[in-house]
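Order of writing sets the labels: A, B, C and D. Residues in every chain begin at 1.
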Amino acid sequence: MATGALSDFAKPAPPNQDKRWRLVDATMRRLGQHPRGLIETLHTVQEAYGYLDEEALRYVATSLRVPLSRAYGVATFYHFFTLKPAGEHTCVVCMGTACYIKGAPQLLDTVKRDLGVKPGETTSDGKVSVLTARCLGSCGLAPAVVYDREVAGKVTPHGMREHLAQWKTP
Amino acid sequence: MNRPAANIKTLKIDGRDVTARPEETILEVARQNNIFIPRLCELKGLSTVGACRLCLVEVKGSNRLLPACVTRVEEGMEVTTSSERLDGYRKAILELLFTERNHICSVCVSNAHCELQSLAQKLGITHVHFPYRYPVVAVDASHERFIVDHNRCILCSRCVRVCEEIEGAHTWDIMGRGIDALVITDLNQPWGSSESCTGCGKCVHVCPTGALSEKGRSVAEMLKRRQFLPYLTLMREDRE
Amino acid sequence: MTPEELEQISESEHEAQGKFAHRVNVCVAAGCLSCQSQSVKDALDKDITRRGWEGRCQTKGVGCMGLCAEGPLVSTDNGTMYKGVTAADAPEILDSVESSPIERLLCPTDVPFFQRQKKIVLENSGIIDAERIEDYIGSLGYGALIKVLTEMTPPEVIQEVVKSGLRGRGGAGYPTGLKWSTVAKAAGPAKFIICNADEGDPGAFMDRSVLESDPHRVLEGMLIAAYAVGASEGFIYVRAEYPLAIKRLRTAIRQAERMGLLGTSICGTRFSFRIDLRLGAGAFVCGEETALIASVEGKRGTPRPRPPYPAQEGLFGEPTLINNVETFANISPIIRNGGDWYAKIGTEKSKGTKVFALAGRVQNTGLVEVPMGVTLREIVFEIGGGIPEGRKFKAVQTGGPSGGCLPAELLDMPVDYESLARAGSIMGSGGMIVMDESSCMVDVAKYFMDFCMTESCGKCVPCRVGTYQMHRLLESITQLEGTPKDVALLTELCDLLKNTSLCGLGQSAPNPVISTMRSFADEYKAHVEERRCPAGVCGNHRNSEEPA
Amino acid sequence: MRLATVWLDGCSGCHMSLLDLDERLLAVAEKADLVYSPLVDNKIFPEDVDITLVEGAVSNEEDLHKIRMVRERTRILVSLGDCAVTANVPGMRNPFLTSEVYDRAYRENVTFDPGIPNQVIPPLLPYSRPVHEIVPVDVFVPGCPPSADVIFYAVSELLEGRIPELSAKTRFGA
């Protein structure tokens, strides 16, 4: 094989000067620049940027020599990955069994009523993203909600309403 | 090619004595002996995935049903390819496929040439007793020669496999999961804008339904050619 | 690392801890942390400085003490446990170590919740500092590893595990020793160990707790397994949703590497083993072994038909041993005390103990470890303290979305693999959700079907479309718009999915429906024939706790 | 035997195919009275019909009312053709909201006096549905339309008191 052909497919340069690409590159290097490092690398991108956009997917896929469609297939298979930027705040309602039978559906109703968004959506002002989790493993504290990475236990619709109101006021 | 007799397995399919090479699957052996086993995801020349579950057969001594496309023959195996139970399951699976997307045979390019449609007839399906889903899914006609109509897709993944394994482009893959899964090209972009697609059309011809078709075909006009698949496989084997 | 060196570390650890006249342990596992237990520990430390007690009283961040509902939990060296502690209580707690306990915060430990448990997997939880390898070594940690490396051949190790009767704690209960010997016998240039820490059942948090409270125990179990089957590389596939567990595992791996307990030529022998983490990304189906392997390989986590089994052709096509966290956590005590010791605990076919995550409508929610064979009644009513608010018990759900709902008639059934299977449920990974009369069992079935539908990978038709159809039918029944015909369709789909789905997720997805239809048929009947929900849960207007 | 045919939401192609029986219509007429049909004059669907052939999907409130009444008064109900069996082309609107369908039909594609009629046209149901999703159906004759041969075979068998086996003779889209 001609070396010229190979060099055409040498590792591409990061999409821009953003320093966070160095973290992404470090993960890819650690995993030997191998296609099997795809998921780990996507984790790093999401941690650094908050979500996976087309540019990032293209960069990671080409760098790891993963077909574009496969990278997209993987990124959309796993619910932990998101292709859209999240809101300023996130509110994750746990839908584990214990939380479900202890009132998680009522919490979701509260979110819907107060913010007008369904799980997976972000309010139109970009303030709050609402998500559901399979189970946070905080079943002893059911129902549980994560407000911006902080787990809150035994949440009531009233308590939730107050918390959401805090976010709404600038 | 001569093989030592010890390497030949003997088994029974539907009461018939048949012989097979050890690496062969129940489906391959059945096919050689003109015993019909329905299937939609399997296609000779592509890897097997065991996904459509139509080729499930009963094997004596196993309490589970086994997919004929991936189950290798064993000495003394007794296989039943058709029974009231199996036929019931197969009909239910086909009916589920009809409910999943919008399969309107009467206006489909593949009408009369569709594997889903003909299997349904063969298995005696005259109506679907599960409720239909009626999803909103797109038709992408951005490619200059081909069309993908997700209304007709059964997610058999033949297009994904032929593109990866035979053409080597890996333009197709599946995105999402569960009932929301969809076949996509590259980064879920219009097929016409795909960078990796070579336009070879193999995906169109392995597609069992009207999901992938050539442009300019009207109802019932899309005939699929498959002869290239065994041909390519054979020619590549000989090259080694 | 030699046995002598290990002994030395252990001794100096005991000496260092023995220097303190008093010790206060604060739970810093995820449950209590989310009730601000870290601030309790900080306040204690601050008050110790204020008193000048630095050399006299030690505070220690420890793992889960079990009674998560009452957190933050704090225990002192005189055996007192406090519940619901806040930072403001710190001075009073320090006062109490030298006087009488604080009645106001007292959490009695002479109650069945603590007394009826038998701790093997959780023996160090709530006692040692998960972030210090020395503390683990001081509690006999890595002794089992040294023992196998210096005194036992790989077949002897496997023999010990076979003798123990240990069965996989991830769900199906496959005999662990048998699995190990299959991988040991498989030929391959490389073999792999995978620890499945993608705890996926909603309502289960046993594995998280073990990883957060005692991560070295899992590493040691994997090391022993690697030695026994001849593997040189291992992966822990852990949920990305468990950041604390990930952090503590990373710390533990680094510490073990630094001490020469992981890496090349471990303890001066020819045995080498590396462990790396792989983060799960939110796909329940990755609990299925072949899907898990695909995910570790960086692909979509879709299962493939078996055979070939992972023990023959697994990760990267090589023989692979997959066990879950709790299974690995059982290994070092088995090696330390012998398989015969372990086999004496539990029932004839289900040996040892099992950790359950007790949650739902029960007084004492939290983590419990009990010998196999105790009855559901003992767990729910004695250990769990029964149903709060004077309500009536209705069912206990085990095994998550693959399991079933067990009614009051089955409360006296012993909890072991066979009994649960006979009753139409499974052991599963150990989630146990208690429901009272305020839960509608059709609604619960719908909940689990929603879960299975969302988690179906979409590869095989029966699971992909069948779970959708079943969910839709249950949706219409719980909207009180269903008909008896819908129930008949549900029954048909249960049978279809069970017998034709590709993997365990689809095959077991109908279990919650089957088991509720069997034990609570009258509830289904009320929904479709009388358009009435006996529990008052279903219908177009969900009962909300407050007015709109 | 008392025979009826009903026309719900369909293109009438199945009735055309029925007329294609030509001289075989006489053979049918010897054994059956056509007591109700868009092809004959009776305006009221009678009681005690032995066999009713239904063409078309159940798409609006009138269809719904009619098929329930027909089912009550019929011994053997036959779904004739793909629209009755699968909802077929009428069902192609089902992924969309009825409001979108009305807009497309009466506003977007209309140049003279666009507007949704509120009289004469019976309101659409949310979905256009196969007959058997509304009432129990005894015999299914798929096809778009089923050929005259298939219809003749099906009707002949029914008139002889047998349930026809049709899957070998016709299919969806045939």
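Assorted remarks:
We take it that a residue touches a chain if its C-beta (ideal position, glycine included) is under 8 Å from a C-beta of that chain, and two chains touch if they have at least 3 such contacts.
Predicted model only: the values in this text are computed from it and were never measured.
Counting C-beta pairs in contact across A-B and across A-C shows that the higher total falls to A-C. Per-chain CA centroids place chain A at a distance of 35 Å from chain B. Between chain A and chain C, the centres computed from C-alpha atoms are 25 Å apart. We define each chain's centre as the mean of its Cα atoms; on that basis chain A and chain D are separated by 51 Å.
A straight line joining the Cα centres of chain C and chain D is 58 Å long. Within chain D, contacts with two or more other chains are made by no residue at all. Counting partner chains per residue, chain A has residues 70, 73, 77 touching two or more of them. Counting partners per residue, chain B has 129, 131, 174, 176-177 as the residues that reach two or more other chains. Here the chains touching each other pair up as A-B, A-C, B-C, B-D. Contacts from chain C toward chain A in the complex involve residues 30-31, 33-35, 67-69, 71, 199-205, 208-209, 240-242, 278-284, 295-302, 316, 357, 359-361, 365-367, 397, 400, 431, 433, 435, 439, 444, 447-448, 451, 455, 457, 542-546, 548.
Interface residues of chain D facing chain B in the complex, by the touch rule stated above, are 79, 82, 85-89, 91-92, 94-96, 127, 130, 132-133, 137, 140-142, 144, 166-168, 171-174.
Those residues of chain B lying in contact with chain A across their complex are 164, 169-177, 184-188, 195-196. Residues of chain B touching chain D in their complex: 98, 102-108, 111-112, 117-118, 120-121, 123-129, 131-132, 134-137. Those residues of chain A lying in contact with chain C across their complex are 35-40, 42-43, 66, 70, 73-74, 77-81, 95-98, 100-103, 105-106, 109-110, 113, 133-142, 144, 150-153, 156-158.
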